[in-house]
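Order of writing sets the labels: A, B, C, D and E. Residues in every chain begin at 1.
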Amino acid sequence: MDVLHNLARLGFFAATLVTLAAAVMVVTLRNIFHCALALILVLLGVAATYISLKAEFFAVIQILLYVGAIMTLVIFAIMLTSRIGDKTVLQNNRQGLMSFSLLALFNAFFIGSVIKTSWHLNPAAMTANVDAGVLGAAFMNEYVFPFEIISVVLIVALVGAIILGRSDQ
Amino acid sequence: MFGFGVLKGMSVTLWNFILSYVYPKKGITTVQYPEQKKEVEERFRNFPFLVYEGAPDNMRCVACDICSKECPPKCIYIIPEKDAQGRVQKKPATFDIDYAICMNCGICEEVCPFDAIFMDHEYELAEYERLSSLLYHKEDLLKPVEHFAKIRPTDYGRIEATRAAKGVKGRAQPVAGAPPKPAETQQSPPATS
Amino acid sequence: MNAIPVSYYVIFSGLLFSIGLYGVLVRRNVIGILMSIELIINAANINLVAFSRYVAAKPETGQIFAAFVIVLAASAAAVGLAIVLSVYRNRRTIYTDEINLLKW
Amino acid sequence: MSDTAVHSQEPQLLEVSIGPQHPSTHGVFRMNVVLDGETIVKLKPVMGYLHRNHEQLAENMSYLASMPYTDRLDYICSMTNNFAYAMAVEKLAGIDVPERAQYIRVLMAELTRLINHTLLVGFLLNDLGAFFTPTLYAFREREKILDFFEATAGSRMMCNYFRFGGVKADLPAGGMEQVKEIVKNYSRFLDEFERLLTSNEILRSRCQNVGILSKELAVNASITGPILRASGVNYDIRKVDKYSIYDRFEFKVPLGKVGDVYDRYYVRILEMRESIKILQQLLKQMPEKGEILSAKGAAAAKSPRMWKPPAGDAYGRIESPKGELGFYLVSDGSPKPYRYHVRPPSFINITILEDMCLGQKVADAIVILGSVDIVLGEVDR
Amino acid sequence: METSESIFVVIKKAILGFFHGFLPDWTVVIISILISVTAIVIFGPVTMMFLTWLERKVVGRIQNRYGPNRAGIFGLLQPIADGVKMLTKEDIVPRAADKVTHFLAPVIVVIPALLVFSVLPFGRGMAAVNLNVGLLFFLAVSTMSTIAIFMGSWGSRNKFSLLGGMRAVAQMVSYEIPMVMSVVPVILVTGSLSMVSIVEAQLGGKWFVLTPWGFFGAIVFFLCGVAEVNRTPFDLPEGESEIIAGFHTEYSGMKFALFYMAEFMSAFAIAGLTATLFFGGWDGPLLPSWLWFLVKSYAMIFIMIWFRGTLPRFRIDQLMGFAWKLLLPFALLNIFVAALWQMLPAPKNLIVSGIAEAVILVIVFFASRKDSPKKRTYVFAD
């Protein structure tokens, strides 16, 4: 079954590459709607990454929430703020070169340090099964307080969004 | 309240659905056209045709041009025949009806003093080309009076009766002898177009 | 599958983060900036989930925090886009360099 | 680059041109709609795509030759168009109509009303988004009446049946039985129709309080027909003029209270029921035999190009299914009318479209247009 | 009986056994996956073709017509004729269109519609993938079609398309919520997100639809599902009488057919999911399990077509009101009722949850009475 594992790894790397390429598209494309579509591709790639981490539940949640909800919101905002016949205008400012070089520098250091680091792996965690039940139990027991707080935050945010987004009349 | 009106409506459609299977006579209204044809009514009128008696040469039309003048969309075009001396004969040389323009109103039939033009029942006249193929000439338009008797027996009976009463029998020969005067007096002179 | 070392995930998320940061720095369009922020958040989430799978004492911890992050991202997106819409309604633009008045 | 900092408080508007190629504009009608989201802030009806020069044509041909052209005004109700035109010419020339012909005329007019209202309700439901079922039920019933028209007049839609001073031909053999059958079954069909539609919550919520037309506006804009009566104005020319023999029948005029789409829908259903009542009385009263074309009329029909009405003018109007249909004729004594004018109910009723649509959703505009009941042949002429 | 019951499983095993003879293990796994994928990829379009025929037939019969009856016996070849016609049509791309998006949208819209079939249990042991988050997977993937519709409407650069796309997204996002909420009771009672275990929890006629919460949950879920796949009376995004065809106004030929295909496949998927969640999936006596599943799914499909044959369309604000004001509270309260059902012992729970459901119904009835349309009276003048 080694071949299958290798195939899976290959799939993972391909997904990673596609994700990164799509991410680059998100920040470089001129048409903002295309950027949003590329972002959806990124989110799906990230969901694939979660699957490779054996977090299927989380991957599905990622699709459901990010692609289903947040991206819909983003696209709606794009639709409402740009006219249908608009020409594509310059989307980037003139800080591109500087930002790129700084970030390249940062990444060089970052990747170097990551490769050098030896991680203290936890073999128990690597094989453990994390399904919806385990997550739910954790939410309801250990993390119940943050869970409640986050729900309050969400409600406040939604109410705030409604108030902000409401037209004046 | 909410939903019951919808359910009531849905019961109607379900009833029609079931009816179409158990009692197709009432539940289905489709006429399977090319195979099955709905019989047209006797008075149904589509496009006009010219009547002849016996031979196509013996047509009732005298080229009086009334129908062509009364025709609301002006789709009839008549040129009377002329003999060697250039005298106008009581017979059309050209009698064209543009079926593409004709609107089936039946006025030509009503105004014709000679009962020479009638509305046909033929309705399958589709053509690929609409200019020349729908322009019907005299030869295409001529049909025997028996055809008229077949498609509209009631009207045929009535019209023949009045014709007999007026003493008109067929159409006089264009040559030889004095032509019998038609009963109508307002017959206009043949067109000079 | 576990043969993929954790550093791959970290580098992946680092690159994603950098791209997102680049977007935040260079984008003029507010919605573009928000989308770049989503990239950054996703990079963080990958880290959380990956570390919880490889390093953490309990494998669900990271996922739970990632879930919190998603909720916060949703809130941020909702509020942020609402702000964008109201800015657009008032100013007819969503380009950061054109929103240059301190009041309207 | 972009339009920087336009300090306008206007919401973003979207201008949409609904029509002339659109599935539910009932022909080639066009509405220029300005939308705020889905709400209409401005609506401009654009018409004339089907203009055929009807009036000018009629002024250049004999009186009878216009008769088939009136069929094509409101091509769903050719019989009532004929009726109005025949009435105008009869007034002009002083032709009287024999008894039996009057009955046949009213019979045809009321059957036409049934056709029109049934079809209208079907199409209204199509505009509401139903997938053709009510329309096809309406067609199913209409077909029976059209069969009768074909048997009598020779044509299903373009009947060309009325003549000055009567009608073209008597009812065919078996015609009376056919009508009796239609009248008998029609109220059963209406029951089925109502079961399908009237209590349907979706239809009610879509139609109620949508496109309200106030009494005052309706009167001021000279709206006629079921739309006017749905707004609560009691005005039915059959009652007001008592033309033809309408004074011999007992019928009522249903009136709405709110004046919205639902009232217009239901007033029409009720009118159909009243029409059935008229037809039932008519079938009882109708004389078995009799003249169908007066002598004067026969002369006019035999040689239309020679027939000259006296100089003068006349306005003949009837309550067509869509409203007041009138023909105004001026004669200078020649065989052609000097002036020929149509008062088309569709055209005048459509003028208040914007007033009814403002502030409604775009889907409502379609429904309101459907409830006004226009036929483009009549609007554009 | 036994063979017909598991005929497809047996066939798959036989094929795999054949390949196992001479191929290494890992290829067998891949072949196994391929067989499932092929089965779904064939099943989806075939279902769609059959559904187009069925819809036209049923609607035709409702409208006193025959429906398609020319191509083949009972017109069964009509979908093929349609397909040929679609293929030979000109592929029109508007000049102003966003070409890439316009091209990708119909491709992308089919993918989620096909993907959701992978977790549906078509019969005993006949789910292509027994995912332990199957239900969530279904819901998550079906939201993806929103994006494709959006792409289509945006890419067409047509105002009608744009309106349709806006409507589609608003509608699908709104109906997602009561839909998920109406599924929660099922998850609550079965304690699993896997479709297979949900069906197994209902084996032996213990269908959830026979419980008070399940009955109303099924109604809510089905209505939401109908809205989710944009069918009458919730077909606003493509309401042809208002915005012509909504998001696919500018599509022709095969691209249009792909949208159509996606719509019908999702409709079938929703019907299948309703059957799985509330009607016991493939559970049933006598007939083989997969046939039971199909019978139940097609019963749901019939109801959808019946809706289509009867009902007019909602308006956008009414549609939103229906989701947020009626279905969502109802679905939320239904969770509570399901919890009651689960907590209480066997005979008591039926009564208690039944009463609770009745109370909820009465509350909803009175709460919605103000908004609901009225009966009217008319006066008659002489």
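Assorted remarks:
Methods note: contacts are C-beta pairs under 8 Å (C-beta built on N, C-alpha and C of every residue); 3 or more make two chains touch, one makes a residue touch a chain.
Bear in mind that the values here come from a model prediction, so they are computed numbers and not experimental data.
Of all chain pairs, the one linked by the most C-beta contacts is A-C. Legend note: the chain whose CA centroid lies nearest the centroid of all displayed protein CA atoms is E. Greatest centre-to-centre distance from chain E is found for B, with centres as Cα means.
In this assembly, B is the chain whose CA centroid lies farthest from the centroid of chain C.
The geometric centre of chain B is 79 Å away from that of chain C, both derived from CA atoms. One simple way to say how far apart two chains are is to compare their mean CA positions; for chain A and chain E this gives 28 Å.
Spacing of chain A relative to chain B, judged by their CA centroids, is 76 angstrom. Distance between chain centres (mean CA atoms), chain A to chain D: 61 Å. Contacts with at least two other chains are made by residues 1-2, 6, 9, 12-13, 16, 29 of chain B.
Chain C has residues 89, 95 in contact with two or more other chains.
In chain D, the residues that reach two or more other chains under the touch definition are 2, 9, 11, 133, 137, 140, 196, 199-204.
The touching residues of chain B, when paired with chain E in their complex, are 1-2, 6, 9-10, 12-14, 16-17, 19-21, 27-30, 32. Remark: chain E residues 59, 62-65, 159-160, 162-163, 167, 232-233, 235-236, 239-244, 308-318, 372-376, 378-382 touch chain D in the complex. In the complex of the two chains, the chain B residues touching chain D come out as 1-6, 8-9, 11-13, 16, 29, 40-45, 66, 69-72, 103-107, 110-111, 119, 154, 186.
Listed in rising order, the residues of chain E touching chain A in the complex are 24-26, 29-30, 96, 98, 100-101, 104, 131-133, 136-137, 139-141, 143-144, 146-147, 150-151, 154, 157, 159, 162, 165-166, 169, 173, 176, 191, 193. Of all the residues in chain D, the ones that touch chain B in their complex are 61-62, 64-69, 71-72, 133, 137, 140, 143, 147, 150-155, 158, 160, 168-169, 172-173, 192, 195-204, 301-306.
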